[in-house]
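Next, two complexes with subunit A in common: one pairs it with subunit B, the other with subunit C.
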Partner chain A sequence: MIGRLFSARLTWVALAILVIGATLPLYVTGYILGILTLAYYFGVFAMAWDLLFGFAGEVNFGPTFLVGLGAYTAGIINANWGWPMAACVLAGALMAVGGGVLLALPALKLKGPYFGLVTLVAVLLLQNFIVIFAGITGGEIGLTVPDVLFIDDAANYEFALGFMALSGAILFGLSRSPIGLILQASGQDAVETAALGFNVAKHKLAAFCVSAFFSGTAGALMIFYLGTASVGTVVDIAVGVQVIIAAVLGGRRTILGAAVGAIFLILAGEALRPLGELSTFVVSAVALAVILFFPNGFIGSLLRVGERS
Partner chain B sequence: MLGLQILIDGFAISSLYALGATGFTLMFGVSGVLNLSHGSIMVAAAVAAWVIAGYLGGNPYLGALGGVGFGLIMAYATYFTVVRPIQRSKAIPKEETEIFVLTGTLLWGIMIQEAIAYFYTSNPKTVRPLVPGVFNFLGVRTPLNEVATAIICWAVIGLLWLLVNRTRSGKVLLAASINPRGVTLLGFELSSVYILVWTIYGILAGIAGVLLAMFLGVSSDGVGALTASAFSIVVLGGLGSVSGSLIAAYVVGYMETLTAYLISPAYRTIPVLLLLVLVVYIRPQGLLGRR
Partner chain C sequence: MSAPLLEVSGLTKRFGGLVAVKGIGLEIRPGEILGLIGPNGSGKSTVMKLIMGIERPNAGMVKVEGVDVAGWPSHRIARQGVGIVFQHSRPLHRQTVLENIKLALLPDSLIRLFADPEVESKAIAIAERVGLGAVLHRRPATLPFADLRRMELAKAVARDPKIVLVDEPFAGLTSGEVHDFSNLIRSFREEGRAVLLVDHNVKSVSALVDRVKAMYLGEHIAEGTAEEVMRDETVRRVYLGGAITTAARPEASFKDAEPLLKVEDVGVLYGKAQALEKVSIHVHEGEFVSVVGLNGAGKTTLFNAISGLVPYSGTIGWGGTALAGRTPAAIARDGIVQCPETRELFGDMSVRENLDLGGQHLSKAERLERTEWLFELFPIIKARQPQAAKTLSGGEQQMLAIARALMMKPRLLILDEPTLGLAPVILEQLSKALEKLRQTTSITVLLGEQNVTFALPHADRVYVLEHARIIWEGDPGRFAKEAGAGLL
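And now, the complex of A and B:
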């Protein structure tokens, strides 16, 4: 009962934050809006990852495999064939879902570190192929896309915020639905879940498809915001690591925490920019400290306190 | 001639891979830890060797010794500040310890990498080889350092084999990898076994790092690639199986050398990655792994 009250309160808190967030363009500079826009797309990557890890129990080391597939598919179609943007984003999302199914096949067979390695290899292969087929993909320099989402900073910002809010609501709702519960059960004890009559394979496959859909869409939208797609922004393992850190930092198995963690990571990286090269060191150290001392993350720890009171 | 060249170069690089992966797999076998700061520890040891050799007027032996010592220190630091607190934490559920160790060591590795880049830049660093000079082997110009690398790697692996199979503490180590609970019931302290395995790991990673710096050079940017190659070798050979890793190291080393020489250096890692995916699909336990 108290838990339900708290989650209701959580909804109000989230709504309030969203409303405040939506009014930000009125009083902050375009520079900060630009950073937050990226952070919101990043938040979607992290939330999609949390659905796989926190609920389905699959350690995906390669969130950027799905993100990169979506981003590059959309970018290549737009740059080479000039399809309209919406069609490109849709194609990117569908391609990412295809990639998600490809990843789900070994996930149903393999466990723990083995599956982790497959996802890691998937990213490395994608990265290699992008560099090798530089003629189509732009290689290491990156791919310039002709179309952009909006010219105006504020419009881009509001769009990203809306996209994150919508994705967050869908993913959060899904995680709290019976499907989320079954996913959580199959992540923790697949045999028992199957014995209770639930189709573990079907649910996990669905989780992969949903996660891939949101990762791919977010990736595609992000490159239409940036105007370029490059390995360093949507495929590189370092980006994937950041997504994982964001989700664990915000609190695994909370979905919303992942977005909070992502926004925190990007803002912290930006705030520490005067430190120069040391900023990554400090951000990693803070993330490590959170993992060691508050393993439930920001939102996870808050929820714990809320349940106890 | 090209064939012989590939044979020699491939052998040297494979021996180095084997040494680098042995510590990694041993640790997984005994304590179930996959240390994702592996590459960082290797590079840290190599850079320490480079710094010490630089200060001491370029004496490569002292530098190498100091580098290995620093690798050991880094291994202990990893264990005591990251791995042990996570393993002992009450707030982390047992079934999630693995992902926390992975994330924790990953972050720790990034911290080491950034610290190296900050203090000593990310430029590639080469340490002067222990054995300078080249010799002509059936018409192939071979640096003596390559031969020395292969010999040192195999000598160290041989010593490790003696330690594990012929000494008392080594046998406890072996037993702990087979059945940790049984070892505890027999009155052995598991934590001292873990410290022993981290000691061995630190020395092996240190030697591998220093040799790598003498052979190919190291850079803090290459940390991720080093960890990834150790990880793939170990999975290919079978997690926890030392002899499997040795075979896998040669498979990987030769496949990379063949691709680099015969096709193009740009495609070097691709065949290995494809093989890895194939092996993991068909035989997830790897070449010699036990389930």
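And now, the complex of A and C:
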């Protein structure tokens, strides 16, 4: 059955990359492992975003609304009430799903750019909320969480890799399943899709929930890795823009490409760090060039070639 | 007699001040085909959308097998057994033909991660039934027009609906294709489905249907057998109109020694496919020339080459100078205006704004004068001025596209399939308008058509394009005898 969702070659390639990835702690420094760990969580943000935009066709300019909800919910509960970590992560994920449902309501009424505006406003609202209720959220300074995932770099790394692989497999499988096809149809032409007997609202709502679940979970896990939650890492609009660039860079509507794009973006930013301020500029310019000249992205160009033949 | 599958009564729909559908009622039994005719904008498509639940009726009842579904969301109506073939094809562009059909076969479920194994074989069987067997893995954008329409039919039947609403299946098809489609629709009858059919091809509709209902301005005007309805006085006046007659002028009567437009040995390649091969045509100033040919023969490609939209080999001369190397905008400013088959209207802008855009380069007085003249030509466009262009009926959009092209005061007007989706009475109006243009202005017209009954009367000269080549040239009088086979 699985073979019908994942073409054999793709599965093998992905597995090979994973195995190589899993052995990295044997030969790279803890510093690099740390960066990759962040990149993997970032990859999940981007994949979750791709499900909404690439498949359901929803222009979500604020992926960090869902990420931030998950991260801060988990962090606040952990810091203020000391719940165990797993319960905090679950609460964060559920809160993000709630946020996803909240976003889905206007999404079903408004068209493209208007909905995009709503998502931007949602991020700003969340950001304001965090600043205003600094007493429990830590405000602009950030929120320190008492619990951490693992002390060991390698353990953190392997955990993030496993989490990304699992999320990727689920999201990718979903996108290739009949539901993925119905979602794409709903995104492209809702009237026609409804006339074929599909409840477009139900499918879009489901897409919002799934996307929010993975965004929120990844956000929550990331702050337990970092030990702090701050607006600058999980809520700021600039972070959201990075998520979007990562997904587009890797290839829209491919899910896996989003992860590749995210890893590339974070690594490139790091490699160019010696350039100082200039590094952001260079990375952005490269991203822009790829988007302009290879609108299908890294993976998109590869996969689409296969589709055509 | 069995009970009706579909029972509609008192159906009414208002768009702002416009009552698009006014108290319409109809009944269709299993295995029955009801034709719905009426001039452009009379509300036929709206009736279908109301039945399908795409628009909510303001009043009325829609009973599917006795269950009143009026006001239900369209996915529930679809599951109640109603399917629609839209007037404009709506393929999923990113998916292949097979995937498009497969979609229609999927259950509306969030937990079915794996499609039933028979979905694939069912989809293939349906594709073969409608004649898409050879193009299963192509994407819609690469398909010829008729295949896109086949795909829409395939999607509709994939749901196995008891009631099928088919909106203008014959528009833009060749007579051979119309024949195929008629047979397909006839097979729906044999399967016991109830069919509601809208089309402006009166001959094919009459041959196919059991009964006809005619509408005008949203209201019922006649119902009965096809002959009865076509004989009805009102139907004749508001829908059928009179016969089209004009006379060709001999080529020698055009005084310019060097033709205004001279296309010589033009070839166009799309990848490996030869879309045009050594095509040469010429058009004199003031002359009306028709290029007739089946779908895919290369008419649109030829026009696009003239307008500078596709690269070509050979030369295209305009008033003595070569057009090669000029941008489409420069060519348009020089007086060559193409009214494309795809209409290219600005959907979110109003009808008036679309027109004004066409008249950008005219002085205000001239623009107003021209607008008045066009309103006289197409009164319905006048009535629809503030409406967003995308909400116009199919035929109204076509009229607006032609009006906008005329607004640009072209020296050479290229009309690509202008008759697509127009009611007979509008064809007559368009015909009169062209005739008036011919008599009162020095405008030159190049007309691409597969509707020979429209193309011939308006032409001084005719070219026949087949498989990328010109295979015949002559005056319309000789056409029927020498080249008509396959096109008439």
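One rule holds for everything that comes next: the second predicted complex is superposed on the first by the 299 of 309 C-alpha atoms of A that agree within 3 Å, B and C clash if a C-alpha of one lies under 4 Å from a C-alpha of the other, contacts with A are read in each partner's own complex, and residues count from 1 in each chain.
Here, contacts are C-beta pairs under 8 Å (C-beta built on N, C-alpha and C of every residue); 3 or more make two chains touch, one makes a residue touch a chain.
Treat the numbers as computed from the prediction; the structure is a model and nothing was measured.
Q: Should A:241 be classified as contacting the first partner (subunit B), the second (subunit C), both, or neither?
A: Touch partner of A:241: subunit B, not subunit C.
Q: Considering only touches as defined above, state whether A:292 meets subunit B (first), subunit C (second), both or neither.
A: First partner only, subunit B.
Q: Which partner, subunit B or subunit C, is in contact with more residues of subunit A?
A: Result: the larger residue contact count on subunit A belongs to B.
Q: Who does A:182 touch here: subunit B (first), subunit C (second), both, or neither?
A: Second partner only.
Q: Tell me the contact category for A:162 with respect to subunit B and subunit C: first, second, both or neither.
A: neither
Q: Given the touch rule stated above, what does A:281 touch, subunit B (first), subunit C (second), both, or neither?
A: First partner only, subunit B.
Q: Going by the contact rule set out at the top, does A:196 touch subunit B (first), subunit C (second), both, or neither?
A: The answer is second: A:196 touches subunit C but not subunit B.
Q: Could you look at A:110 and tell me whether it touches subunit B, subunit C, both or neither (first, second, both, neither)?
A: Once the two structures are laid over each other on A, A:110 reaches subunit B alone.
Q: Under the contact definition given at the top, report the residues of subunit A touching subunit B in one complex and subunit C in the other.
A: 188
Q: Considering only the defined contacts, which subunit C positions touch subunit A in the complex?
A: Subunit C reaches subunit A through residues 52-54, 73-75, 78-79, 83-84, 86, 90, 92-95, 99, 102-104, 106-108, 110, 112-115, 155, 159.
Q: Which of the residues in subunit A end up touching subunit B in this complex?
A: Checking each residue of subunit A against subunit B gives 53, 59, 106, 109-110, 112-114, 116-118, 120-122, 124-125, 128, 131-132, 188, 237-238, 241, 244-245, 248, 277-278, 280-281, 284-285, 287-288, 291-292, 294-296.
Q: Which residues of subunit A touch subunit C in their complex?
A: 1, 4-5, 173-174, 177-179, 181-182, 184-185, 188-189, 191-192, 194-200, 202-203, 206, 253
Q: Of all residues in subunit B, which touch subunit A in the complex?
A: 34, 82, 85-86, 89, 91-92, 95, 98-100, 102-104, 106-108, 110-111, 114-115, 117-118, 224, 228, 231-232, 235, 239, 266-267, 269-270, 273-274, 276-277, 280-281, 284
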